[in-house]
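This is the structure, below, for whatever I ask next.
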């Protein structure tokens, strides 16, 4: 068996190992992102003033929608980056992925709860715990996949693996802190939820070379 | 016609034979999984105590959501595994697949019915019968595809085919038993529904080599 | 430029010309199929008798759901078969495809209307007209794509093209007849809607060789 | 490294750089297109006359649905065309894409608002501003991708780049004008919303050669 053969063998294995998982994940992310807007119900208004007050009343739900869109978008990007390194799949990996998608599928509900009851610390706590769980499951996912290079390519940069682990552990902690802060001030918690996704805007050094996704051309 | 040519000819045939079916199935699974959460309506609450009691009231619906997510996730995985072996498609196969997806599309409804009326054996029965039908159609799907190697590769391990048949016949029987048990105790039925998906966690010997999906590399 | 090069050139062209259209169409079909179930709302019931009568009340909506699932499944299969022959795309083709998907996206509404008002000929007429329009747009799609082999391979069997045209013209006529029959008896119209998708079960001679989708292996 | 190798290296890079973004975008477009119909609720009617008046009452919502379907279809086609030229991805590009998808995900809400309150200039303004924002974000997306050939192939025709920029700047301006006109006459605004998508029907010279998507065969 030549090296080329093994490369060919690897291609369908990888395709089957992660392609359909990626399709399901993309589908669930796309639907969760779009279902968020269903929380905004447009009603018939008798006058334009009533329409304006209806829209004002929707403002917190709209804010929860925009924040959750950013949160899910960033989680989607993270999942995208993870699958870029994960070349194999197994049952445990599929199970953790489904648990992760379960936490993602909950976001339209917890975002709706937050948008409609933003003044209560309990709503912000449930939202924060939901996102914290999503982050914790993702951390478990990455640790499982990278421990002993179980599901990643053996040539994967160990510094990058450790760096992503730290980031993936930091994010759920931040959501937990935001959830706790809600009991001091729900506004502060809301602001935290809005700011946490922005952390991804400026990539740190070890993953900066990934931004153009050029790293792949050197792997085969 | 060389062996390589036949491999090339097989690739697009397979792609057309099963790729778009897989896309439709992934789409329906992704939507069914995410629609489950629509059963949880967040309402405006006047006080935090009212919010808490609202959430407590949603607990059975949330339990039905989580269980159904696991059930659908396991069915999705099974469908994934089936399509791994099925290399051709025909009208009967497409018809059975659509019937299977019909039973899957019903799950958000029967899960909502169960979550809202968990105390009535009738609700658990309808849920159990829905999942039993999904399992029976899947069994018919596998039997049709594997009888005389109709839609699978002739080199497919016959022991594996028989093993999957037994599993695919066992699962709908379990759901039927759970549906029947509901008339003794709805709690027992609920627990059964929660436990059945866990059967997939520990793969038995004949399919264990599939867990890493490495088996594919030897097929071409 | 050798023949092989032109085949290579054709591959990405085809991919771009029809792949993303197919993805969008599969997405819309998957969602329309799954949204159908949203018409079935499960309510809290006070007693099991009330739950049973609630379910009985949903029976016509459930029937409309199952029929529409079959109708959409058959339309999806037809679209799948069409794209199998269409190797190029242009703006008119995209426009007709979007018009077709518009009629498909209407089905969850017209099916819900039929399920809730099955006793009125008007509801059956709107449902029938919706499906008739879907069929007419599909007919226009096929005529446009095949006239002078505009978007299909020049080697496509002309007998098959004419046969599919006749079928694609027949189907909307049948839905129109069913819609008209509703003014005599809504039951008869309902039965027609249930039977029309079954026409696809037994393929006629000119497309029978497509059932195994083997015809593709000879095309390159 | 031969030229063929570099072509091979480019293929997975491109796939990873834009394929999953395209999948997510197609998913969100497909869902947004289909969710539009959820605004049309079919109710039980006591008499056929009541059913007819119910349907008449839905007419403006149906018009908003059809217009929005055309608008989203055209935006989807534009996104499709953009991704045809964009061969790389980076974080900023992903961020702008998510912002674009956020404006797309808002359309089912603003369309529902317009359909239910078409007589108020405020509703038409919100709808127009939503589409204007979608267009502005798309313009930013294209400018970012093409500035210094950042994410497009260096051989991309500069005339085409400038032409698409002008079109992508024109469209949001038109939606802004339509939103402003609503304060003179909501009917005029409605008609504008219906006509703007038709601008895409007749392609201007610089992109006419793209209609058959044949331009690709010459790029590698």
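Per-chain residue numbering starts at 1, and chain names A, B, C and D are given in the order in which the chains are listed.
We take it that a residue touches a chain if its C-beta (ideal position, glycine included) is under 8 Å from a C-beta of that chain, and two chains touch if they have at least 3 such contacts.
This one's a predicted model, so the numbers in the text were calculated from it and none came from an experiment.
Where subunit A touches subunit B, under half of the residue numbers in use are shared by the two copies, so each contributes mostly different positions. Rotation angle for the C-alpha superposition of subunit A on subunit D: 90 degrees, rounded in steps of 5. Summarising the inter-chain layout, the chain whose CA centre lies farthest from the centre of subunit B is D. A straight line joining the Cα centres of subunit B and subunit C is 25 Å long.
With centres defined as mean CA coordinates, subunit C is found 35 Å away from subunit A.
Residues of subunit D found to touch two or more other chains are 23, 27, 30-31, 35, 38.
On the side of subunit B, the complex with subunit A involves touching residues 22-23, 26-27, 29-31, 33-38, 40-45, 48, 51-52, 55, 66, 69-70, 73, 76-77, 80, 84, 200-201, 203, 211-214, 216-218, 220.
Those residues of subunit D that touch subunit A in the complex are listed here as 8-10, 12-13, 16-17, 20, 23-24, 27-28, 30-32, 35, 38-39, 88-91, 94-95, 98, 101-102, 105-106, 108-109, 112-113, 115-117, 120-123, 126.
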